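Paired with subunit B in one complex and with subunit C in the other, subunit A is shared by the two complexes that follow.
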Partner chain A sequence: METLNIEGSTKTPEIELNQESGVLVIKGRSIPENSVAFYKPVIDWLSEYESNANENTTVNIQLEYFNTSSSKCILDLLKKLEAIHDSKSAVQVNWHYEEDDEDMLEAGEDYEAILKLPFKMIEVKEE
Partner chain B sequence: MVNTYQLYEKMTNGNILLSYKGDASKDVLSSMLDILESKLKESDVSNKTKKKMYNILVECLQNLYHHTDEPDPTIEIENSSAIFMVSRQTENFKIFTGNYISSNDIEGLKERIEHINSLDLESLKAYHKEILNNGQISSKGGGGLGLIDMRRKSQNKLNFEFHKVDEKTYFFTLEITISTNY
Partner chain C sequence: MLEISVHNKLQTLILNQFESHKTVLNKTGRVIKYAALKNISTSDIEQIASTSDSDMLLSGFSKRGRKSFFSCVIELLQNLKIHGTFTQLNFDQQFCFVSKSDDTYRLDTFNFIATEAVRPLSNKLNKYLNSNYDELKAQYLNILSEGKISKKGGAGLGLITLCLKSNFNLTYKIETINEHMSFLMFSVQVPSNL
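Now for the complex of A and B:
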C-alpha cells in the first residue's frame, strides 16, 4: 500500500499514513471550510488499510486547532480504526495537546469516551 | 455623509479590533482570521484565551461563509451581505455576527440556541458528544456543533436576536462574550 502524504497548510493538517510502519500522523491545524472533501482521501486510505492492516497501528494526532466540521471527520476516521482494533491490528491513539490547552485535552477525552480505543494523552510544551 | 473622524472615534471608544460589512467570501473571511490572529498574538492575554478566541472566531466566520456560499433561495434581499465585528474590553472580548435568514428557519434555530443556553457545562459536554456521535454532517458544516462549541469554549450564553426584514426574511444577530482572563 502506498503511503499517503499530504502537506500541511494554514488551514489543513499535515497527513502521513504509512501502512508499512503502521504509523498514522495528523498534525497542525484543521480548519478547512469543507472538511468532508479534505478528509475523503484519508477515509479512503483507511478503507483500504482495513484489509492490509499492520499488526500494530499507532495514531499520532497533534492538532493546534480544529473546527467542528473537522471534529466529525476525525471521529469518522477513528471509527474506521475502531473497527479493526483487536481483530486485525492493535490500535493505539496518542492524543497530543499543548500544556494549558484544556479544551484540546477535553476534546481528546470526548473521543476516548465515544470510542473503544486505547488513548494516551500527551502534553507537549508550547513552542 | 458620515464624518470619518467621528466614525474613527466611535470605533476607538468601542475598542473595535475589526469591523466588516459585506460579502462573506472565503478569501475575505480568511484574511480577517489572519488579521485577528496577528492582533491576538500581540495582545497581552494568555495563550489559553488566544486559543479560545481563535477557535470561536473560526466557527463564527465559517458559519457566515456557509450562509453566503449557498444562499437560501427564499431570501429575496438584493444585497444579502453579512456583518462581523470584534471588540476588546478590559474583561472581555466580544464577537458580533449578523446575517440574513429565511423566516422558515428561525423557529428551529431559536430552539437550538435556547436549548444550548439552558444547559450547564456538564450537560453541554454530554449533548456535544451526542451530536458529534449521532448528528448528521453535511458537506458544509458540523451539523450544529458550531454553536455548542462556541457556548462550551466561551462558557457564556449566546446572545441572539432576530430582526424582521420582511415576511420571508429576518436578520439574525449573534453575540459571544469571551473572558480575557483564562
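Now for the complex of A and C:
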C-alpha cells in the first residue's frame, strides 16, 4: 500500500500516511474552502488501510488553525480510525498543541469526548 | 429605467453605509484593511486574513486573541463567499473592513442576502447570542458529532464559532431592500484580553 504524501500550503496541512510504519501525520493549517475535496484522498486511503492496518497505528495531529468545515472532516477521518481501532489495530492519537494555545487543546479534548479512541495531549514549543 | 433606478438606490445605500462606517472607524481607531469587491475570492480572503494577522503580530496582540480573530476572519469571509447573494447589477456589492481601536480588533462585513434567508439567519443568531458559553459549546459539540456537511461545503458551525471565538462580541443589522434582496451588516470584535 502506497504512502500518501500531500505537501502543506498556506491553507492546507501537510499529510503523510504510512501503512508500513503505521504512522499518520497531519500538520499545519487547515482552512480550505472545500474541505471535503481536500480530505477525500485521506478518507479513501484510510478505507484501504482498514483492511491492511499495521498492528499499531500512531496518529500525530498538529494543527495551527482549522476552519469549521475542516473540523467536521477531521472528525470523519478520526471516526474511520475509531472503526480500525475496534477491529484491526491499536490506534493512538497524539494531539499536539502549541504552549498557551488553550483553544487547540480544547479542540483535541472535544474530539476525545466524542470518540472512543485513546488521545494523548502533547504541548509543544511554538515554532 | 427600472434597472437604473434600482441600481442607483442600491449603490447609494451601500456607498453611504461604506463611507459612514469608514469615517466612524477612522475616528475611533485605525482601519487596517478595507476591501470593496464584486465577489470575494479565495485570494481576497487569504490576503485580508494575513494582513490582519501580521498587524496583530506587530502590535504585540495576545496570542489567543490573534488566533481567535484569525478564525473569525476565515469563518466570516468564507461564509460570505459561500452564502452571499449577488444582484445582477454591476457595482461592488461586498465590503469588508478590518480595524483596530484601543485593544480590540474588529471585522465588519457588508453584503447582500436573499430576503427569504433573513428570518432563519436572525433566529439562529439570536438563539446563539442569547445562549451562554456552556450552552453554545454543547450545541457546537452536538452539530460537530451529528451534523453533515452541506452541499455548499459548510459544517453548520461557522456562526457558533464566531460567537465562541469572539466571546459573543458579535452584532448584526439587516436592512430589507425588497422582497428578494436584503443587506446584511455584520461586525465581530476580539479584545486583547480575551
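Couple of notes before you dig in:
Methods note: the second predicted complex is superposed on the first by the 126 of 127 C-alpha atoms of A that agree within 3 Å, B and C clash if a C-alpha of one lies under 4 Å from a C-alpha of the other, contacts with A are read in each partner's own complex, and residues count from 1 in each chain.
In this text, contacts are C-beta pairs under 8 Å (C-beta built on N, C-alpha and C of every residue); 3 or more make two chains touch, one makes a residue touch a chain.
The shown structure was predicted, so the numbers you read here are calculated from the model rather than taken from an experiment.
In the superposed model, A:D100 lies in contact with both subunit B and subunit C.
In the superposition on chain A, no contact is made by A:E16 with either subunit B or subunit C.
Of the two partner chains placed by the overlay, neither subunit B nor subunit C lies in contact with A:E50. Once chain A of one complex is fitted onto chain A of the other, the partner contacts of A:S71 extend to both subunit B and subunit C.
Looking at subunit A, you'll find residues 11, 31, 33-36, 65, 67-69, 71-73, 75, 100-103, 110, 113-114 touch subunit B in one structure and subunit C in the other.
Subunit A contributes residues 11, 31, 33-37, 65, 67-69, 71-73, 75, 98, 100-104, 106, 110, 113-114, 126 to its touches with subunit B in the complex. The residues of subunit B lying in touch with subunit A in their complex are 26, 30, 46-48, 51-52, 54-55, 58-59, 62, 65-66, 69, 125, 128-129, 132-133, 135, 137, 139-143, 145-146, 148-149, 153. Here subunit A touches subunit C in the complex through residues 10-11, 31, 33-36, 65, 67-69, 71-73, 75, 100-103, 110, 113-114, going by the rule given at the top. Across the complex, subunit A is touched by residues 42, 46, 50, 63-64, 67-68, 70-71, 74-75, 78, 81-82, 140-141, 144-145, 147, 149, 153-158, 161, 165 of subunit C.
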